[in-house]
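Letters A, B, C, D, E and F mark the chains in the order given here, with residues in each chain numbered from 1 onward.
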Amino acid sequence: MTDFQRADGRAADALRPVRIQRQFTCHAEGSVLVSFGLTQVLCTASVEEKVPPHKRGSGEGWVTAEYGMLPRATHTRGDREAAKGKQSGRTQEIQRLIGRSLRAVFDLKTLGERSILIDCDVLQADGGTRTAAITGAWVAAHDAVSWLLAQGKIAQSPIKDAVAAISVGIVQGLPVLDLPYEEDSACDTDMNVVMTGSGGFVEVQGTAEGAPFTRAEMDRLLALAAGGIGELVQLQRTALGL
Amino acid sequence: MTDFQRADGRAADALRPVRIQRQFTCHAEGSVLVSFGLTQVLCTASVEEKVPPHKRGSGEGWVTAEYGMLPRATHTRGDREAAKGKQSGRTQEIQRLIGRSLRAVFDLKTLGERSILIDCDVLQADGGTRTAAITGAWVAAHDAVSWLLAQGKIAQSPIKDAVAAISVGIVQGLPVLDLPYEEDSACDTDMNVVMTGSGGFVEVQGTAEGAPFTRAEMDRLLALAAGGIGELVQLQRTALGL
Amino acid sequence: MTDFQRADGRAADALRPVRIQRQFTCHAEGSVLVSFGLTQVLCTASVEEKVPPHKRGSGEGWVTAEYGMLPRATHTRGDREAAKGKQSGRTQEIQRLIGRSLRAVFDLKTLGERSILIDCDVLQADGGTRTAAITGAWVAAHDAVSWLLAQGKIAQSPIKDAVAAISVGIVQGLPVLDLPYEEDSACDTDMNVVMTGSGGFVEVQGTAEGAPFTRAEMDRLLALAAGGIGELVQLQRTALGL
Amino acid sequence: MTDFQRADGRAADALRPVRIQRQFTCHAEGSVLVSFGLTQVLCTASVEEKVPPHKRGSGEGWVTAEYGMLPRATHTRGDREAAKGKQSGRTQEIQRLIGRSLRAVFDLKTLGERSILIDCDVLQADGGTRTAAITGAWVAAHDAVSWLLAQGKIAQSPIKDAVAAISVGIVQGLPVLDLPYEEDSACDTDMNVVMTGSGGFVEVQGTAEGAPFTRAEMDRLLALAAGGIGELVQLQRTALGL
Amino acid sequence: MTDFQRADGRAADALRPVRIQRQFTCHAEGSVLVSFGLTQVLCTASVEEKVPPHKRGSGEGWVTAEYGMLPRATHTRGDREAAKGKQSGRTQEIQRLIGRSLRAVFDLKTLGERSILIDCDVLQADGGTRTAAITGAWVAAHDAVSWLLAQGKIAQSPIKDAVAAISVGIVQGLPVLDLPYEEDSACDTDMNVVMTGSGGFVEVQGTAEGAPFTRAEMDRLLALAAGGIGELVQLQRTALGL
Amino acid sequence: MTDFQRADGRAADALRPVRIQRQFTCHAEGSVLVSFGLTQVLCTASVEEKVPPHKRGSGEGWVTAEYGMLPRATHTRGDREAAKGKQSGRTQEIQRLIGRSLRAVFDLKTLGERSILIDCDVLQADGGTRTAAITGAWVAAHDAVSWLLAQGKIAQSPIKDAVAAISVGIVQGLPVLDLPYEEDSACDTDMNVVMTGSGGFVEVQGTAEGAPFTRAEMDRLLALAAGGIGELVQLQRTALGL
């Protein structure tokens, strides 16, 4: 057992306040500011009428993502990756994850030979930036698809299901949902889970930060995640008026 | 004479609606979202207790800036500079300009051997991103200085004066203030002017995009700029409650 | 049910032939050529009497890894990353995973303020290069620790447990262990699992390549992985004469 | 008032000795060594029968510039940008300025779909390298155009006017023309002015290095610059035998 | 005269034990592990049905090489070039040498418009990596040519002659053949010689490390090299069963 | 025998007109413009009171070189290496050669713990740029040493001997000295030879461009080179007034 109390007084299985603001900026086909507590990520979806080389002539489209963090999104200022001249391993790992998660719910054939590029830029970070990014990216992508439908460029939606993501972890023995930075940096086990609206798993990435974790712990974490993602998918749908 | 009417119905000498929101993000010592019409720039000021090599041991501080644009801040998506692995010439030119403009109103001796780093990230672009950035950066820097004073790290403010910036240009023969993208891309002459609160010039950068411009035209543009900057400095002061 | 037969005739829960050759090269403190079937990875462990900046003065050591693939380790030649001037996202993701996995079984305090750098270079690839790398890297690191003990540089081993890794996946409905390239590129779900000798989980990375996967499928995959890793840890111990 | 005397005894409104040597190297279509006092810049103009992507198919040509400085052109040796792997912000700012200045006097339609690339390499630096570069670049470009005419590749010259540049500044209260390094590093205000042969302004870039400058000071500086550029244009014409 | 005795007891004109293992890895059209004593280089030859731009449409093929060294191939670990983001001057010099040496014995017209890319990766280094690489690369290229013949892609071999390489040097006054690292780092003169099977010179690269060398010394070194290369060519032929 | 006549009417063993201009630029401790016919290289020698890491605390100095070519030094414009962001393999190979050649005649102990950096920048290229660079670099280095002596920073010269370099080659069967670009690109064998004033060999780099070359050909080429270098050393001494 554990006496651990969350700093913000939340229940172990409660999400932070989640906000999904569409049309946050005006130029992109989809533009969503998503907040999980203090974490704020601007997700824009851009439609381009071309595909990367490995899809050319295939009749299929592509969905990909880039991720960035403003230098002072964090407590102490980080180096600007554009100034350093390269993206960190962490950045690349996250943007690959976002891209795979989105593609898992897209029918690329129905999208046709065009691309949706998702940019996820963290304006303010307090843990869970990648899970907020995936959750917001899907809403932005949905708006971009609505734009494609409205423009008559596609006849039906290539989106097969919703996708959302949440972090879970074990802090001082307590399995908790949606970790802010303070919990994230203190936890023993950290897991990011990506699931579809219908409850299938898209990605599970669990890491033992301190001691290895057991099957029983994993089971509790996966259950927590499933609950949280269920709520997130509902919030996505509400935001979209579905 | 000219029949040119501005698309948004503004008078030739009118600013777009300007908004200066302080404490837009929570981690930075100063954090300002500045809008000139649709142009939105997030300016954060970070205090670091170290200086670049050329100032070490001098007893003087440093103020510098970095500039970036989110890929979909613009009408069509631009490449992410972190992904390309280098900052464009335009980016470097703008961040050098912002840094010089801020330093023009800072007493680096009074700041002491520490740095204020300004990050100006464009969330949405519609012309005038560099002038909005300078205008917002000064407010963010002012907040960082207030934080330094409140922390007792400095005894008096190193800020000697306000600084703000505006664009002016000649569109179809009409000298106009604060050009949105549409006017900027169509203008014959484009000038960015940086001035202090007491009306001194810090930077004047005029470029003939089409035909060369005359002394008489420059005089009219400088007068327009001086008027606009006077208003901006007032808005900065109001935002800071000065 | 499924009629899927593995191309090499293996049972669904069987590892490919695993070989662990120590002292494969002569300069490194630990040097292991590990083979999982046709996949061959050279893992060397280098001891350096310094630590990265974030550990300086901490009294603790560091264990990290780099990963590379010879250009013609694969069926068609890949670009040489040194010639392209940067490591791919995939490379960085894998080397971060190897480093985390090793650190999970190291007591960095006992290691003292020195580093063990693991280089994992794929000479021949046929799926599972990251899992073979982790499995071989632990043996190489163990040899480097034995060298440190023999040199009298440390008094007791900082290694708390063994660590090994295996891939599992679902191919045409059949959960299988240790996927070669052909199965890997055709599978619906791909999961890499890293576990300790005592059966704790260090990393679980599951990805739905086609359809999302269910909790029941994940359970079957984790059970397969646990069995395979048990065998690998035994092979590691045999190779080390423990 | 001021007692400031220029170190080289020049009048405040006098240029340094200017020399324009054509055909300094043998391969380029135009090759000019231009000297403003000790500042020496080699300007070559290369004709290429292709245009950058944004001009392809437009029927219009392009004029652009690159700028470099030999490592020991300066008093203390600077790093070689090719060895560092990137061009500094200053370099990029200058080469963009040179390109814009040249394009201001070119009719790109008359040039036809081909490019003139100007390379400005500083062999010896003593202030004013960018203004010498622009002044010499125009002469080199003129020679390249003469070559195009002689080759029958174009029927009429795309050059609409001359263009030249000079620096002006305020040193110890005295407005002076054409500042060598010593004055440049000590001045309060530094302005680079680019004008056409017929007296139109192409670029005005004024920077307050110390105290902000006034409208009255700017007026005096612009008048100085206009005088100096008038002389430079005459020297360009003499060099070309026009 | 000299009393210098080689550490391994070899005669001055003796090669180290040389081993040439074909089919060391399974994917490449040619794959050879070559050892000169402790120096081990994996040479793979990859056939690609395309040529670099300067050969397109020429009807001729291309043969080129890349060289790398695993980080811990050496006594102390070297930085990974892919992580540093660039190849050293030494790496580029060696891979250019290998490419030129191979092309000297290839008829590029007979090869047809395709490429053979040789990758030479040093697994273990003890001096002479470039000479072992050239010697092994020719065998790997020969296997790739046999594969092309067997596939019916070419009707006759483009290989005109064998090519092999060896180092010679003067250590403490004694001219010696095939220097290991210890001799190489202590020698006065170091020479790498590349010759064909019929005894023609392809490359001679002699460097005075300490005192300059004389014509007489060069003559003795070239004679030593010719003898060693004669043996190497015989070993290449034996390995190929010719 | 051969009927080959050199395009410029020179005898096979004649140098092109050689010119060595000292004090070509004013800031460097040594500054030499060297011409071999149309090939012109500016060689500057810069003294720095520091050494690279591998020499720190050794009491010894260092001599090194960098090489560059202005984009339009050649018949068609080459890319600027600073803009491409990296130096080519050829550039690195040449600058390493120049550095080694200079160090062969320097006593680094006598130089003391300081560096001489030689920059060799090709203003105009017509073959033989590396040999002209070495020849001019030695004169520039000699001037830098004279400056060090005059400043009283060293008591005696660290220069042990002169060093110069020349190309030789076989064109249409005729061994010739000092090849211009036209001969260089057509020759069968190309050799660069670096020798000291007293006739010792420092570097010999011979390459078969077409057919392999024989010992007899090498002997003729080395004799030609020795003659040419004897003349060059005399010209170096004359330029220095020795």
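Just so we're on the same page, a contact is a pair of C-beta atoms (placed from the backbone, for glycine too) under 8 Å apart; a residue touches a chain by one contact, two chains touch by 3 or more.
This one's a predicted model, so the numbers in the text were calculated from it and none came from an experiment.
Separation of subunit A from subunit E in touch steps, taking the shortest path, is 2. Under the touch definition stated at the top, subunit C and subunit F share these contacting partners: E.
Between subunit D and subunit F, two chains of identical sequence, the interface residue sets overlap for the most part, with shared numbers making up over half of the total.
Note on A-B: its contact pairs, compared by residue number with those of E-F, A-C or D-F, agree for more than half at D-F.
For the pair subunit B and subunit D, the distance between mean C-alpha positions equals 27 Å.
Chain centres here are Cα means. That of subunit A falls 59 Å from that of subunit F.
For the pair subunit B and subunit F, the distance between mean C-alpha positions equals 51 Å. The set of subunit C residues that touch two or more partner chains comprises 85-86. Circular chain order, beginning with subunit E and continuing to subunit F, reads E, F, D, B, A, C (contacts as defined at the top). For subunit F in complex with subunit E, the residues that touch the partner chain are 86, 88-90, 92-93, 95-96, 100, 104, 161, 191, 195-196, 198, 200-208, 211-215, 218, 222. Those residues of subunit D whose C-beta lies close enough to touch subunit F in the complex are 25-28, 31, 38, 40, 42, 44, 46, 48, 66, 68, 70-75, 77, 80-87, 91, 117, 119, 121, 123-125.
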